[in-house]
Amino acid sequence: MPTNPLSPGVWGVVATPFTASTMDVDEQSLANLVRHHRSIGVTGLTVLGVFGEAVRLSTAEKRAVLQVVVDAVDLPVVVGASSTSLAPVIEEIELAVEVTGDRLAGAMVQVNTPDPRLLASQLDTAHRATGAGLVVQDYPLVTGVSIGADALAEAVGEVGSVVGIKAEAPPTPPAIAKLAARTRAPVFGGLGGVGLLDELAAGSAGAMTGFSFPEGLVACVDAWRAGGYSAALEAYLRYLPLVNFEAQARIGLAVRKEALRRRGLLAAAAVRAPAPAMPPSLMEQLDRHLAAVDHVEK
Amino acid sequence: MPTNPLSPGVWGVVATPFTASTMDVDEQSLANLVRHHRSIGVTGLTVLGVFGEAVRLSTAEKRAVLQVVVDAVDLPVVVGASSTSLAPVIEEIELAVEVTGDRLAGAMVQVNTPDPRLLASQLDTAHRATGAGLVVQDYPLVTGVSIGADALAEAVGEVGSVVGIKAEAPPTPPAIAKLAARTRAPVFGGLGGVGLLDELAAGSAGAMTGFSFPEGLVACVDAWRAGGYSAALEAYLRYLPLVNFEAQARIGLAVRKEALRRRGLLAAAAVRAPAPAMPPSLMEQLDRHLAAVDHVEK
Amino acid sequence: MPTNPLSPGVWGVVATPFTASTMDVDEQSLANLVRHHRSIGVTGLTVLGVFGEAVRLSTAEKRAVLQVVVDAVDLPVVVGASSTSLAPVIEEIELAVEVTGDRLAGAMVQVNTPDPRLLASQLDTAHRATGAGLVVQDYPLVTGVSIGADALAEAVGEVGSVVGIKAEAPPTPPAIAKLAARTRAPVFGGLGGVGLLDELAAGSAGAMTGFSFPEGLVACVDAWRAGGYSAALEAYLRYLPLVNFEAQARIGLAVRKEALRRRGLLAAAAVRAPAPAMPPSLMEQLDRHLAAVDHVEK
Amino acid sequence: MPTNPLSPGVWGVVATPFTASTMDVDEQSLANLVRHHRSIGVTGLTVLGVFGEAVRLSTAEKRAVLQVVVDAVDLPVVVGASSTSLAPVIEEIELAVEVTGDRLAGAMVQVNTPDPRLLASQLDTAHRATGAGLVVQDYPLVTGVSIGADALAEAVGEVGSVVGIKAEAPPTPPAIAKLAARTRAPVFGGLGGVGLLDELAAGSAGAMTGFSFPEGLVACVDAWRAGGYSAALEAYLRYLPLVNFEAQARIGLAVRKEALRRRGLLAAAAVRAPAPAMPPSLMEQLDRHLAAVDHVEK
């Protein structure tokens, strides 16, 4: 299995839609959603990530999600592993390899230790066991583990099979600057795109994040490559209020799913427990933001 | 499937032994370990808990652990679910039901929300989907979720299928006093037995925890029932320095496995990453503690 | 002492400038900074807050800061108390009363307990002891205490002397919606203005936060009152990339001070330990953001 | 001012008693308490520490506490600084120097950064500004800062004025082993004495902690010096259940003050908000523990 570095650009983090009635995975909406991503020119997809609610899916559901995605579009996919320990991570990667085959651009694993040698050793084992290229996600808010950019660069530098880094330990721009200077792996920003302009300036290869208008992420990254800061700023500016609105702590996923629903990309905005639902008090403001962005789109 | 309340007493939390060379599950040591628990008169076993390193096991390994345990001894077992969301929890419980059958005294699930209604609803769904009785574990250090004893009692009170509570939100004695007064489910202390005397005094039904000398837990709980505080104190006192030594943050599991190894109950003390190994600087003190306890045993 | 609710608008959170050589309080820069705030039409100033590095000042320095501010401008001031317990908080408020006299619009105190009755009782005592109106700051990232909007509303509802609430427990918009509906005290957003549009929509009375271009905060709040969402969006949009850039975790204060230095409002960007300095890798991007905003200003 | 290393032994952490009616500092009880410590042979006292509720005292109250202590007994004192930044820490140390004079064995300051150079630089400045020897307290639960034993040893090694280390970052025994091997400063355990046996074995110079029967700490440390592990174990064993009972999270201080009250050493067990009071459900068990220890004492 080749382990090429991820191509630069936007790797859309795909939400997992659920039906409102039974809370089952809504495969039709999922297919719609990834086809939309395909249609707007994302580089690839990131499936079963944190905002794909992977930790809330059974194995059968994870398998189904992967199958729907690879059947619906021909994009390369990064597949997230929810576990933070090696044995179950390998099990998850094996599932991804089995279902997505040569469409698997990388398996995304969490930093689970601040010790760079131990991290490198685990990454190496995971790769040897599965053949998959690895995307290393540094997301302390979710894992509780803080490694620091220097140690992360050290770990990644020892492992040839790392095909990308997802840098989500704030403040991300200085971390990305270090990682981009010290590793060959492309570094992607996440966190909903709140710092996308600054992450690109710091040397990121693009965005690997969820947003109800991935069009905005694509426009920003494309503009950055073509025209630098000023062009990217102009391309992204009108999306930024909605980006910040969707990046709210805890409720962000519910807000994003509701936005996707209003766009017609999902049939329902349901999130699984214990994720909180979108507070009704924010509905009107979401309408305003969507109207403002729609106006840009047209 | 009957969902009787757990019997009072000691439910030994079983470590998962690994071979030193390959780090695979060491089934022989596991069988030894649970047979030892059987021989000293524990009420039941708790398998695949936090200190059983369940989050570091693949599904196949979890299945093997359960099979070894039910084959080796005839004790009732509580089986831990590692996930914190409903769909994968149900998947884990189904595995437990399949392998342990009528030996399954309860499936242990984590409190994953501070909202008592939401918790009750999820517990109810998990029971309906699997038929299993549920042991609710309140362990905020591991989950990051704090519910409080009042809300936990409220949630548990609404769900008839709860067969036990594992109270591990410090300070545990006042929480246990509330839970014991307000719910019918038996409440067990954990946390390595550091507060066992106080938890019994608060109304706990016993201990559900790991310790390298589970003999001490059994002696304490038996003495409490027979003679109250003074008897329990005398029975437990000589174990307490080792209890505290094993309860050390982060390294506690490695210390306990090393103690079990020196007792001849495990072939190796290996823990899986990212759990830290036992610091060599503590080896001599472990010897002292073990010698002091051995002297009691004889 | 009257305890009128704070007037709506922008209460600029004032940084405490230090000299680069001796790290002493730079009184001249401080006077410049507050005069600039006065010149752009802020409603009032917030002094000795978290981003005023109040916890890093001696009592003599706090006194000096307050004196410089009241001498330099005639604005009403909210004065922060750094302590989280009643006795030292009262001592800090007494200092504020002594130096700022009838210019004291409110003393800002932290939520230090999740218990609404206990919070109310402490607020009441603080007011009775000092006569000062109180601004209640809910900032769990700094205090480690999470109260929730319902309990906060309950506490504030019992205390007539509360003149304002600073809501900084994310997600802030739904919290502000609850607080605005359930209390008479005006509620202000903070957190660097990242959610200002959404906080205004939720019913906030304005912004109480720091930003290197407080002009942007004033423009946004004024536009909101005059023309609602669309007007506020247009007024704020060009500032938002810089707002996000300054809101970065840990380094945000250093970034903001550097921005203020480049604007000529501070002589030096120095922050006191253990606050980290601005990473050099971000300097170029700060220049870009400032140039983009400067262009708006002209 | 000489900066001699702290003498080994027990430095009793002194609670600050409050009157039940007015919640003022109860100077009479404080004098009783420190005279009791004197009578049982502690090496010195630690005043205005975390469990002395220093953060809940006004400057005038801190001064009064120090004055009462130095007037009541002739012991050397370590005085805690509550602040975590240099300028206010220096202000607090100056107060300690002024009131306690040559009785000041050391000013205790918190680790406020994980960066050893920055820590060393701040320690050095604090010493130069005040002349005081410094006791460095590593207590991440309170400060939120984790430095690690290696970096702490590095920092302390660069600063000649450090007269002691209070190691309270669990697990403390391996940390103390490192610190004792790598620094000249004596290292003391704290945390209520839960790990005292293991800390002594790791090379600690004694205990710097609070306990309602400091007699037990003294007996243990003296026995360790005279007869090693076995002697210390015998001396300490009967106190250990009460030690664990008092070490309970959050409520520990209230439990300890109630125990001191029942011993007749304090007139009231009151703690200042937001510290929680002792849960009534634990009163009976406290009686049992005290009776068991009293029996030992006689």
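The letters A, B, C and D name the chains in turn, as written, and every chain counts its residues from 1.
In this text, a contact is a pair of C-beta atoms (placed from the backbone, for glycine too) under 8 Å apart; a residue touches a chain by one contact, two chains touch by 3 or more.
Everything numeric in this text was worked out from a predicted model, so none of it was measured.
Common neighbours of chain C and chain D (chains touching each): not present.
Rotation angle relating chain B to chain C: 180°, from a CA superposition, given to the nearest 5. Across the assembly, the mean Cα position most removed from that of chain C is the one of B. Note on A-B: its contact pairs, compared by residue number with those of C-D, A-C or B-D, agree for more than half at C-D.
The mean-CA centres of chain A and chain D are about 48 angstrom from one another, to the nearest whole unit.
Averaging Cα coordinates per chain places chain B and chain D 34 Å apart. Counting partner chains per residue, chain C has no residue touching two or more of them. All chain pairs in contact, by the document's touch criterion: A-B, A-C, B-D, C-D.
Within the complex formed with chain B, the residues of chain D that make contact are 170-171, 173-174, 177-178, 194-195, 197-198, 201-202, 229-230, 233, 236-238, 240-241, 244-245, 248-252, 279, 281-282, 284-285, 288, 292.
Residues of chain C that touch chain D in their complex: 53, 55-61, 83-88, 90-91, 112-113, 115, 118, 121-122, 144-145, 272-274.
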